[in-house]
Structure formats: structure tokens, C-alpha cells
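Written out below as C-alpha cells is the structure these notes cover.
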């Protein structure tokens, strides 16, 4: 089993074994044969269990974008160890979309009320208000006015 | 005719305008912000001028920089596209003051239609049906009396407004005072003008607009309707023409109303009269349609009119601006076939339709008979958060609505975008929905139906196929990289031959 | 409706047919020769079957292999496209005998129209104007008498013929005997049939054809004309509709004649009635137009009809073949705007239009409003010598002829093909020619005007620019190869990111 | 003059000299300044004497295909030594296009008349007859029935 390959995407594990010129893929006890008919320009024509499948695949770091039959999936290649732990920032308020911070209304140590606007962001035609989810005290502020932030970047952390 | 036009816009609409210029033999000047240095519209223009930094107000909204660029490049005219400064009367005036031509209506027309209350009063005077309501009220008592007369639910909205700001739906009298207060405050903050108007709230309405087009010599026609009821966040995502809701009689009436509305402000160039159409007009014994507002510019969704009315709107915008007479009369126009537009956005329907940014790893547009793609991106383009996340407009034209839907479904399934999340699967779900097939879609439909439109967990077979493809891609393409597959090519020094066909 | 269709063709027409199938929800089977293993039509089909070696008679002309492939893949029907077996009556019969549907007219219609003499006699009987002449003559004296009656120049041609074989122009009586002898011998060699017919030779004529379309229930309409006079080697290269030559009255007459011609053979599905139109009909007191022949299949140039008549001919071919009724009548159809098709061939106009083969190093199709490209190739495709060198059909649609020409000029200038010589520059020269602008182009025009249409030696400035670009490309792209420009990318292992932007 | 570059295309010689970040190109005594604005995917945006020029360029062995303003030129990179000597095959009859040899009607030593068909080729829809240009004697036959030949390949040689 020299070329045995185990790949994890998100919470799923796929095994691929070479078999002659082709491959055998297994997941959750299900096994299918796979033949690569053609692969170029980020497009693959595969024969999966005798059925021809055309897949467009792109890679960007751990991300894989796959389009089959017009449906696109974004998969994240993982180590396969712990799953579902991403972005567990207790009390953290994250940016729901990429954009620019328009104003920050609080400082570290401020006492805030549930629903109070802590920060406003701007992106394209929209203004987004980041509001306190409950009464509490601001622990850290990670964003400043004018700063560009990515989606899911932590903006403000609250004390628990 | 003009020798050179500066296009004060970016993305697909800048490119669309460039094509029209090129066909007319007119040189083009692109403008760009520092974020758009490598954008497609910059590459396609004859020349290009940097306006400023990425923030719109430093670049595409910077009126003085735009006029300066036009003068420096010796352009004769400025085409504003849509959005940005396209409906800014003072920009239009500034352009004309610099002895340049503004490709659009007069500054007076733009200004007259910018104030909702003023526009509504003007429409009433011109005999165009408007939503029952009152303008110019001040005291809470006056508003209460008015609301009672109209009948709840009612809508209070900013007179000077737009874009949903200073707008409140009021379902009963006890909510009215608070709604007025908050709407006033928002209106004052947004527009520096706290005046409100009150009108009947039409919940299950359709948004149907009419294209109008006229010259500076008094000729003005309408080019039929566009059904634009499929909206999210009060923005259109799918448009079609003809509207499945309109009867020939209603179309005739609305077309006449649209022409009357445009003539009321001596309109010329391309414009759109938006109407709200009640799908149950009998309920309140109301008119079947009401004037909503005028868009004094080229509309995003203009291609579906071009396809069905058989006229190039952008070419004619330019010709009219240059003073040409519009040679057609109303009876020259008929609707041919059916056209649908889907706006392909870099946005995530599962995440409240919020935009998605990134680098486009693959961007494959569908092509085929009856398919038109107006796009501003290609593989390698960056989608940033500074501007509207519209990637492309996918437009189909076919002999009837059923065939057009089939064509759109095929085309959507062939549109591959990797690197940003898009609404393609979402629009595919809309196309396949029975409500859409039956044309029963009001402006609140997406909101009400959203759950069933979000992508299902894919069938296990499909899911497995995707995983296999992703896994094998790493093997195949990385493998071919370490061993470049150019050895059997005619010229190993040809650097833009890509990874060759891989075969077992 | 069919579940699966086998497409017995290759290249752009196979892909065109697949699109129609996909939109109708029908699965497709591609067939291919060993030379076409990597061809686009193979990649786009749901399944594909190897027919045999590259030579057409081993693959695309191999009727038995095609029927075998259809049965093996459980296809319900075969679409023959154009060329190859599309006008072969015995193939149509064989298909039907195998309980498959032939997507086209009946074998009887095909046979009746295949024999030129028989077709001409049939047309005369049906009251369709034919070129003055005689069929069934045998002795030289009979031919001499006939020629005298018709008036020189005359044409003798093979009754069983086609494709210009067994055809001679005779200018005077002393040339007649020799012409008859050589035409007879060529006819016998080519068709196994030495019968000849004689008719008036019309030198400066236009080739104008009418699209007809009918169902199996007796409904039959025409879908207006296509002007196809721009030809080289007796093959069309540029077609347009409407024809600049036709008056509404003549169009009406010819349309009626086309319908009469088709009805004479109980025609159904798509067909084309070719006419020859004399640009100086008064000279010999002749009719303005004559029947030439019928093409019993879909025509290469069908897209210009689709665009102006607003109907998808391939979808309707399939529906009609499945037994559906054609729901339209003649008065439903009108011509909308103007459409032009340019056939982009891998051929060298400076070398007698002889084909050019090779690997496509770049293949960039133009895209934009009103532009349609029906293509069978992409970058990396091989153009070989076994098949017709048609790379793509570039079709434009616009509101009138002038705008359509401008659009075609823009589109041609954006079509980049490297690796084979093409006729793009030649077609650009045709588009810019005053004779074309005036619509004064007969079938001999290319031959007569060729010298002025061949590419000029480019201006020194342009020439120098090309040399500079070629020289710098070696520096820039080879430089970027030895130092791969992926270092600043997000993923150095992404193998299909190409050479990145190069900046000083 | 370290980076001095001399390039020959067909019968023309171009010189390119780096000049700061840009280049200077000279031909026939004419000199222009060149700046590369952008180059990718076989497309270059150049500034030639201040004028923006977009060129599509492809390479295949010594051939360069260049498209500027919709016009395509095919250039052949040469050593610059002797020009205009290609295909000087005295008495040679060459294939006018690529295709397949359908029949060969003559053998070495045959005496042929001017206009006599020596060989027929087939390509796409066409049949091509290779005929004798003058009366003479066949020296060599380089093609056999069924053989695939390239454009300008010598098919038959005649004695002088």
C-alpha cells in the first residue's frame, strides 16, 4: 500500500488507492472506481463508477473550489484531527463581511449595554453596525477607524 | 459626433459603454482608482487616467478629478454609467460648465426627479397614478388623519430620500408617532431634510419599470417594461421582460403613463419610470399601478430591453447626447421574444447575501446562441470590498418565457466562478422554483421563500464526486508541475502554454 | 420527446446541436474519429464514441458505425448536422430502419432534391421559376439548338451533380461540343451518370436562399432570405439577412416560391431553397429570380435567420422530428434588425484560400452585445487537414445594416487566432469595401476584386510595432519562465495560475 | 552596451537597447522608445513613443504571431545571414497545402508532358492535382499513396 492517500476535507475523510492505471476512492465504507480521462486548465474529466463527470477544481492554500454539474462547493483541506473549532473566540465580535471600519465607538474598559453600537463598518453600498450581544465590559478593541478588515476577523472582545 | 468619451465608471458597465463607443468609432478614456489599476475596464480603453485612492469619494465620486481627467485627455463628453455620479444633478451641471457633454438627461430633469415629494406632486399634476397618500404634512394629528383615510398599513418616508433611508412601515395607529419621529431623524441625518410623506403600503406588490428614451428635439417613446420583483436587500437580482403579470391593456396604460411622466420633466436620453403594481388591485379598490420613482440614467438591467426591443440603448444615448434626432416612433417598437437577466454577485446567500471578496481563481463565462454576458472580470481579477460586488450580468434571449428559463438554467450551470462565493446556485434555485415558473413573485418573495432557495446539502453522490475531484486535482496538477508536461510540445520556451492534457 | 440524441458530426455544428439538446433536457452522444480524440465536441457531450480512423469514410461518413453507436448508447435519434451524411437519402433510410429517428426531412424529400434535373422538372411543374434551359437532351445538335434558343453564354452541368463537378460555362457555339464531352466524362466519373442539362449562364448574379421550416402535419413557412453572394471556391464565406438587393415585393414573391418548392416534395424539418437572382433582370427580359437547388438540411449560416426571425431552428428541428406541431404561421414572422455571419476559416487568402493547419497557440473570441460566436475550437486545439477548416462562425445582430457592419468590424478586430493563417484580415477588407457597403456584390465579386482585398503591406509604424512586440515577448515571457512569477501568489502549488503580470 | 539585443525577423533587423526601466528600439535608422506596461497570457500592453499599443504574441519554434489592432502578422525569426533562400528546390513540385496523397501516377524515369497530372492530393473537401510545369523526366518521387504531407513538402523532383 505504497501510494495509499488519506485526505481530509472539512469533517470528511477520503481514501484514495491507486489501482492499475486508475484509482479506488473510499469514504464512509463506500467504494468507487475512478479513472482520469483528461486533466488540464483546472478542469478534470473523470470516470467515476463508469459515469463521466466533469469537475472544475481550483486551489488556494487549504481551500479547494469544485464545480460539478453547475454546483460549486468550497472544501477546506484539514489535518483531520479536530474539527469544528474554527473561530471559537469566546465573547469576540467578528466582521460579518470584508470591509472598512468607519468608526469605533468604545474603548477598552467601557461598560456597554446590549444592543449598543460598538463599531460601524462600511462595504460597498452598505453600512454595518456591530452591536453588543449583551450587557458587559469591553476587553479588547482590535480595529481602528479606517482599517480594512477581513470576513470573520475579530473586531472587539468582551469580558466574560 | 464625439471624437472621444470619458467613461466615469468601472466594471461591466464601463466595458459595455466602451463597446458602443468602439462600434461608433469613438475613442475612450477609462478612469480608475488605485485599487483598479489592473481592472479589465482599464485594459480595454484607449487611454486611462488614475483618479485617486480606492475609496469612491476619492476616485469615482470625485467630480472635479473626473472633469479634470476629461479636459486633460481632450474628451468631448462624459458617460456616467449607473451608480456613482450618474444621478447627481450638480455633476451634470459641472460637466456642462466645463464645455463637455453629459451623456444623460438635463441637470434640471435629474433634480426634479431626485426629490420624492416633488416628483410625486409633479406626477399627480401630469395625471400619472401615484400611491394614495399625502405630502407636506407636519403635525402628528395630520399624519393620523391621513393614515386613517388611506387605511393601514401605511408607509412614511423621507421626501428628499432614496435607498430605503428614512422609511418606516406602520401597521396600526399606535405605532405611528414613534415611526414618524425615527423616520424624521433618519431623514435629517441622511439628507439634511426632515420632511416626510405618507402613503399606502402595498405589501405583495410587483416592481415593474418602463424604459423611456427621447431626444433633445421632443421625440420620446417607451420601450416596454422590465419586471424587477426578485430583490434582496431592496436590490434587484433577476429581471425579465415581458412581465408575466401585465396584460396588453395594462402594458398600454403603463407605457402611456411612463411617457407622460417623462414628458412632464421634458426628459431626454435614457430613463426609467418605476412603478409598483399591486397583484390584488381589487382588495382595496385601488388602481392597478402607481408611479414610484424615475431613474434618470441607464439602468443595470438595460440589456433585456435591448434584446427584446432590438435597439442598442448605449449607442443611442451617445447619439442623442451628440444632438442626433431619434428616428423612431412608438409604433416602430414591438417586444420580440423573452429576455431574462441574472446578476451574478460575489455574495453569499447563506450569509445574508453579504459580499464575498478574493481573487478569481477561475472565471468561465457561458457562451452560446441567445446568451449574452456583460462582465467586468476574468480569471485572476481581484474582487475587493470597495465597490459593488457585481461580477457579471448573465442575459438570455429566447422565443418565449419557458425557453428563456431553460436557456438561463443551462447557462447558469455553465458559469464557473472559483475564489469568491457567488449567488449562482441561489439563482438556479429561483429559476427552478414553481412560483417563478408561474410568474407569482412579489418584491417580498425572496425574503419569504429564502429557506427553500438556499442550497440543499448536496446528494451524497455529488458530494463524494466533489471530494474525489478535489483530492485528485492535488495529485494530478501538482504532479504535472514538478514534471512540466511541455516536453512533447513544439516549443519548450513558449511560456504561456499551460499544463498539457494529462492521460493515464 | 427524445431522451438521448447522437450527433453525427464534429466541430462547431456538433456543439451548436448539443446546446439545443441541453436546453431541451436531452442527453447527447458525441462521435469522433481518432484525430478528434481531444476535440471540443467530445469534451462537451454527455458521452462519446470512437468511430474509426481520421479519414472521413472511416468515421463521420461511416453510416453503419454511426447507427451502431446510436444503438449501443441507446440514443433515440440522430442529428446529422450539415455536410457528411446530412443529405444522404440512404443514410436517412438506414437510420429509420434501425428504429431511430433521423432529425431532418424524409429520405424521399432528400432523394427528390438530390438529382438536379429531376428537381428542376419538379419545380417547373410546381410553378417555381427555373433558369431557362432544357433537360434530357442527348445529341450535340439538340444541345446546339437549345443553346441558340437560350442565348450564349450557357452552362452545361451534370444532372446528378453538385459541388461544381461536371459543370462548364460555354461562351460561343464553337466551344460547345468540347464542353459537352468533358462535362459528360467528369459527370460519369463523379456520379456514374453522364446526363447533362443546359441552361442560361447568369454571370453577375446574386445567390439568395430562403429558409423553410415545416412539421410532419403539413404546416410549412419560410423564414425569409439569406444573401450568400460572397463566395470563394464556390463556397460561401459571408452571409447576411435581409439581402440589400430584395424589395419587399420580390421578397414576398420569392418566399411564396420557396414554400411552393418545399411543398412540392412534402417537405418537413429545416430546409433551404437556393435561388439565383439576376442583378440586371431587364437585360434578357428574364425573370428576376430562378430556383437553383434545395439543401435538405440545416445550413451553416442558419444563425443569421435565428437572430432576425427570433426562433431557435435547432431546437425546433428536434421538436419537429419528435412529432410536435409547429405552432407558428407565416404571419407570426417578421425580420428584426440585420444579421451578418463571417466564417472564420483556417485558410490563406494570399495562397488561393488554401487551408492552413497547425496547433492554435491563441484563440480569443470576441464577446459583446449583439455578437454570437459558434465555434468548435479553443486555445490548444489542433487544426488538421482531414476536415473542413472552419474554425468559427462570427455572427452579429444589430438594428440595421450599417450598425451591423460596424459591429462586425469591431468583432473581427478582436478575434485573435495564432498558429494557423486565417481569413480574418480578408473579411475585414470585405467589410470595409465600398461595394459591400452598397450591397453590390455578386458571386464573382471576390474573384474580380481579390487583389484589392488581400492584405496591404502594413504601414511602417504597424510593422515596427509588431516587430518590437515579437522581440520583447521573447525577453519578457522567457524571462518570467526561468524565474516563475508565482512567488508572490497565495499558493505556489496552484498549477494553473499562469505567468503573472509583468511590471517594470 | 551589455544588454544590446539584435533580432532578425524575415528580412528585417531590429535592435533593442535597455534604457533605464524601458527600452529603445531601432530599425532602419528609426528609433522609438518602448515601455512595457503589462505582460501576461500572451498579451502585452506597450507604450511605444507614448502611444499605447496592445499586442497579442505567440511563439512556435522560430515563428512569432503578432496581432495589433486586429491585424495579425506571422514573423519568422532568422539568423540574419542569408534571406530568401527557403524552398529553392530546382525542379521540385511541392504540396500547396497539407493533406493526404491520393494517387501517384508516375515513377522515377518517366517522361511526362507539360500539364500532365503526376500526383493527386486530397484535403478537406478538395482534390488537388499536381501537374508537370513543362515537358521532362521524373528524377525522384518523394510521396506514396496514402501518405500525409505538409505544406511545401517536396513531392516530386524533375530532372533539369
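We just call them A, B, C and D in the order they show up, numbering each chain from 1.
Keep in mind that, in the parts below, contacts are C-beta pairs under 8 Å (C-beta built on N, C-alpha and C of every residue); 3 or more make two chains touch, one makes a residue touch a chain.
None of the values given here were measured: they were computed from a predicted structure.
The minimum number of touch steps linking chain A to chain C comes to 1.
A count of contacting C-beta pairs for B-D and for C-D identifies C-D as the more extensively joined pair.
Distance between chain A and chain D, defined via averaged C-alpha coordinates, is recorded as 53 Å.
A separation of 39 Å divides the Cα centre of chain B from that of chain C.
With each centre defined as the average position of its C-alpha atoms, the distance from chain C to chain D rounds to 30 Å. Multi-chain contact residues of chain B (touching two or more other chains): 38, 359, 361, 380, 474, 477, 480, 490, 493-494, 496, 498-501. Within chain A, residues 38, 40-42, 58-60 each touch two or more of the remaining chains.
Partner chain B is touched in their complex by these residues of chain C: 16, 19, 22-25, 38, 303, 306, 310-312, 315, 336-337, 359, 361, 365, 367-370, 372-374, 380, 398-399, 403, 406-407, 410, 477-478, 480-481, 490, 493-499, 501.
Contact residues on chain A toward chain C in their complex (touch as defined above): 38, 40-42, 45, 52, 54, 58-61.
Residues 38, 43, 46-47, 380, 490-491, 493-494, 496 of chain B are the ones that touch chain D when the two sit in their complex. Within the complex formed with chain B, the chain A residues making contact are 5, 7, 9, 12, 14, 16, 21-23, 25, 27, 30, 32, 34-42, 44, 46, 48, 53, 55-60, 64-75, 77, 96-100, 123-126, 148, 151. Interface residues of chain C facing chain D in the complex, by the touch rule stated above, are 55, 163, 233, 351-352, 354-359, 361-362, 364, 384-389, 412-419, 421-422, 424-425, 428, 455, 458, 460, 462-477, 480, 498-504.
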